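Right, I'll just put the structure down here and ask away after.
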Amino acid sequence: MPDFSERPRRPDDHPGHRPLPAGCFRVQRPIRFSHSDPAGIVYFPVYFDMFNGVVEDWFTQGLDIDYASMILDRRLGLPIVHAECDFTIPSRMGDTLTLGVLIERLGRSSLKLRINGEVNGQVRLSGGLTVVTTSLDDFASIPIPDDIRHAMERYKAGCEV
Amino acid sequence: MPDFSERPRRPDDHPGHRPLPAGCFRVQRPIRFSHSDPAGIVYFPVYFDMFNGVVEDWFTQGLDIDYASMILDRRLGLPIVHAECDFTIPSRMGDTLTLGVLIERLGRSSLKLRINGEVNGQVRLSGGLTVVTTSLDDFASIPIPDDIRHAMERYKAGCEV
Amino acid sequence: MPDFSERPRRPDDHPGHRPLPAGCFRVQRPIRFSHSDPAGIVYFPVYFDMFNGVVEDWFTQGLDIDYASMILDRRLGLPIVHAECDFTIPSRMGDTLTLGVLIERLGRSSLKLRINGEVNGQVRLSGGLTVVTTSLDDFASIPIPDDIRHAMERYKAGCEV
Amino acid sequence: MPDFSERPRRPDDHPGHRPLPAGCFRVQRPIRFSHSDPAGIVYFPVYFDMFNGVVEDWFTQGLDIDYASMILDRRLGLPIVHAECDFTIPSRMGDTLTLGVLIERLGRSSLKLRINGEVNGQVRLSGGLTVVTTSLDDFASIPIPDDIRHAMERYKAGCEV
């Protein structure tokens, strides 16, 4: 499996590129025919779409805050203000990607998440998403509501042990 | 139109967030129903998909190097090893986004592009893509071929005037 | 270029598979890297996504009814209740697809469109979409508003000449 | 939940619109933010993309024929020559869609599948896909290989009991 990095990276060069701690929330995603480009590897925007789904599952299953009702009933949105990803090793149809979530920064009304993707314990990609908690009524940023902040603080503590 | 930045940014904080020079290659993209999420704004992975299309058009129309034949006939691939984007101001159905390309770094076998998106001259987003020129036969990185390098050097000189 | 039909089709077997009349609204779409699957041909759901964009452009440019303001301001939706497509000949990156729109049936509150895709005059695919005019406030079907109906009747008459 | 049909359908009008037999292969798919359009309902091409994933899972898990290795190692492709879907009742973020597979016709080198989508036992959509077994080396149709045909015959018999 090729490594697209121009030069070898030591794992400690870039902390996000190390395997996620054991306590972190993880989901598995099969790499599908539809994810693959004519070169047979995952088309990179697919990973960002997967990240959004991982965040949904993390809220609902990892934080116990129902994502759909947060959006639809509480009218709380999480627009992405910054997204980034290093794609270190490509993945192909038939691989199963394990995606895990780490809180890098918990601000007053924003949140920086790291999402790593691994296949059989090998880090394939490492992404970051910065989201701002926002009212869907007027699109103004609002402080992270207390129940969500507490759930995130508990998650952060449990994940990093 | 809301600004999702947490605090005002001065244009000189971040050079990528300034309007692109007049000589740069630009394409226009209508923001469609299909690009929009339930909050009515563009779903962020769509922008990364647009960036890939912009790079295709830039090769074919801006550099005069046919992208499809580069991939299919020359078997030269351009896998993305890093992608990032700041989404400063959201866009909505009915907007027309102008996307322009700037070469930030031209390496031996890699290339860093900046792609800015503007609506009516207002910078809405600023993305970066790092690609590695790669043989599609063995997925090894190869030096940027001379004809492509020369076209890029000409573009870079003309764009920044 | 392969023909996936199991047996030869005569053009008069299926009227939708004939080239569209000269008067019909047409748009061109480049077939991109991102549209292609690992076999190098367009992934079929991409065509349905293109159809939605073609309908948008047909409203705005072909009927002179701004699609975005129809959805956002008039709160008139066009949910698809039936979609179908015959994919006769696959298309590949580098092809330019011409997509044209024909009104097959104009009902009281529904509309059946045919959308054909051609490359260099060769019919590659022929799709059908049935849409229902719907209030986006309560999702009830409503009669096609008069201005839209008249624009469609004019289009139908002009297209089929 | 609105019903977009123009008039009530009796379940026996259209056999594909009845719930699938108990023995059929089923997968569950959460309806996500990313699947939803600005009207809050699933954007219809998403269902066709889901269908492709369901067929993958049906091969690998329901027929015990590894889909990825069928494509990549055996070089056997399954291009779609016809796709269709009735979208009877829209679905929204937070719904869990159960998608099941029925073989409608097993030909010499083609296959017609029905894929129904249900939420809590209510049929929301009913799609059909016609695929042709094809060599990925020359894109010629080939007879369905015996092991795959036998697995499909067993499935068909078990599903319809």
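Letters A, B, C and D mark the chains in the order given here, with residues in each chain numbered from 1 onward.
Here, a contact is a pair of C-beta atoms (placed from the backbone, for glycine too) under 8 Å apart; a residue touches a chain by one contact, two chains touch by 3 or more.
Since we're looking at a predicted model, the values are computed, not measured.
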Furthest chain, CA centroid comparison against subunit C: A
Result of counting contacting C-beta pairs for A-B and A-D, higher pair: A-B
Geometric centre distance via CA averages, subunit D-subunit A, whole Å: 29
Intercentroid distance (Cα basis), subunit B paired with subunit A, Å: 23
Touching two or more other chains - residue numbers and ranges from subunit C: 33-34, 38, 40, 43, 45, 49, 52, 71-72, 93
For the subunit D and subunit B complex, residues of the former touching the latter: 33-34, 36-38, 40, 43, 45, 93
Residues of subunit B defined as touching subunit C within the complex: 30, 32-34, 40, 49, 52-53, 56-57, 66-69, 71-72, 92-94
Complex contacts: residues of subunit B adjacent to subunit A: 2, 4-6, 38-39, 41, 43-46, 48-49, 52, 71-72, 77, 79-88, 90, 107, 109-110, 132, 134, 136, 138-141
